[in-house]
């Protein structure tokens, strides 16, 4: 399975139903693209994305890709049930750094301070970032903007999951040329 | 020296002269208050804050407090010269987490994506945060706002270094009651 | 794939042919047991274990389990080709901590200072550890011994890969009771 | 205070009285040399070293050097009282990596698995290491030995605190040439 890209889905552990639906569609789009999913492994947007990922993967009848949950705790006791590979770090919010570091691309859905930290860290690390433009929170606020004046593309304002995936796929293809 | 608070000064490694002057005044205010200073140990806002800290400390003729530089690199080769205690982490941007974790309060001056990540992480960790309201960048944008809907005080919009210090000192006193 | 145990294989990035053969057999045994493999993702013992893992997995004709490589570098450029999921950490030797933290059990093969650090960290974290008793290095030295006086089983002295796997499987079963 | 070396004292959080006396003398020797002390910030060897450090520093009537405690917890609530600068990391045993990374030299006193991990990590990072040869535990076992076959000096077998300090000072002088 080498070289299969890993896409991080970042968002809050607690979100409204319409935000969770967007997260679910993002997870599905990642599985349909045959990419791995990375997230923080907890509830809310993370769980909805993993659930969408598993649902789409089951439809495709494959085990080729996996959902990875990078947890702040020392154990995997509180991982959501749709994570395939639980990574307990015991490093608290430093797990936010690990998520953005291991991701080849980042898709943001809604989100509060944790999501904001991951957008900022992902930006620092030069990762392609798409934010769902109608998902509220920091994703909606930062969609289409530049986080600072470094010479890179702004956060992509994605209309929906398919649009976000198209952007990420394009950036990854460009990177392979 | 136990129990002397540590105040993080966060800001960009590259900044305009007027921003550096603000950072210098923040560093001075921290030394005058007899608090330790914590920063990322590099140039720009970090160096200006450390220089201001050292200048004020020399005026006060004390070695009671120190400037700590928490570096992303494996060595201290690129620490600014006004840091007293260099902490090379070899952990890259994960050092942003360490800075916010060890700080008892955070003062933000200007800033790009790194500073934004530290404001977001500091918020997650519940640390008191003051942002210099006229220092541009993310500090100016977030001064007076809430990063998410958690029940805590917004980022304090500080008019100047003394005002920021007054806010931080007040929060620390309240925490000790 | 939730709840599939992850077994860390630890050992040097540079090892003699007979040590690599042992590592290969350990990787095979992990795949045959349908457990995930975790390692440092580099050459030597790590690569041999991943190669054995992939070979056995191909024989079994499954994608149900994966080989995870937790890298010290900021990118996956130097991962060995038999790793399925590369996790670049950008945290240097702190990746040793992540490997032992995420593992449900640890199998040590030969090894120098890095392996020793992982045996010691795994011991601190209370993870079951088997050391290949005839693989030289720290594994051979510590097989059958206690790292300190904490009340736990000594490092298991495994005669071969199958024996190591039997020990780990037994500890995991006991943990689930 | 730039460029003052930082010496890590590593050892168990629980130790016999004669081991604590050795740790105390090591802390004193570090202060008398006007170096900073770094440790894990907890009880046992760490506390005894910090106490010795503070006692000697008071005798010398200086605040020029400080005792730094790098804690596994998210807060400084459980730091020993002789630490000047508490660094809560919230990263658990990954703090062992930070201690060895920031140290310019390492002195080991007695010790169990945590100390062993720090000796191994310090060796990997190429730090000069002195082990008190009559302090029991891993320090006594590894004094005078090589941790692996890398081309570097063995762990120095120190007769006492003064001897350990002489070794470390010599290595630091050599490094500055």
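As written, the chains take the letters A, B, C and D, and residue 1 is the first residue of each chain.
The working rule: contacts are C-beta pairs under 8 Å (C-beta built on N, C-alpha and C of every residue); 3 or more make two chains touch, one makes a residue touch a chain.
Computed from a predicted structure; not experimentally measured.
Undergrad: If you list every residue number at the chain B and chain C contact, are more than half found on both copies (same) or fewer than half (different)?
TA: Chain B and chain C contact each other through largely matching residue numbers.
Undergrad: If every chain is reduced to the average of its C-alpha atoms, which one ends up farthest from chain D?
TA: Greatest centre separation from chain D goes to chain A.
Undergrad: Calculate how many whole Å lie between the centre of chain B and the centre of chain C, each centre taken as the average of the chain's C-alpha atoms.
TA: Inter-chain centre distance comes to 41 Å.
Undergrad: In whole angstrom, how far does the Cα centroid of chain B sit from the Cα centroid of chain D?
TA: That gives a centre separation of 28 Å.
Undergrad: So which bits of chain C are touching at least two other chains?
TA: 74, 90, 92-94, 97-98, 101, 125 - these are the residues of chain C that touch more than one other chain.
Undergrad: Mind listing the chain C positions that touch chain A in their complex?
TA: Its residues touching chain A are 1-2, 6, 36, 62-64, 66, 68, 74, 79, 81-90, 97-98, 101-102, 125.
Undergrad: Report the residues of chain C in contact with chain D in the complex, numbered from low to high.
TA: Checking each residue of chain C against chain D gives 12, 92-94, 96-98, 101, 112-114, 116-117, 120-121, 123-125, 137, 147-150.
Undergrad: List the residues on chain C that touch chain B in their complex, please.
TA: 74, 90-94
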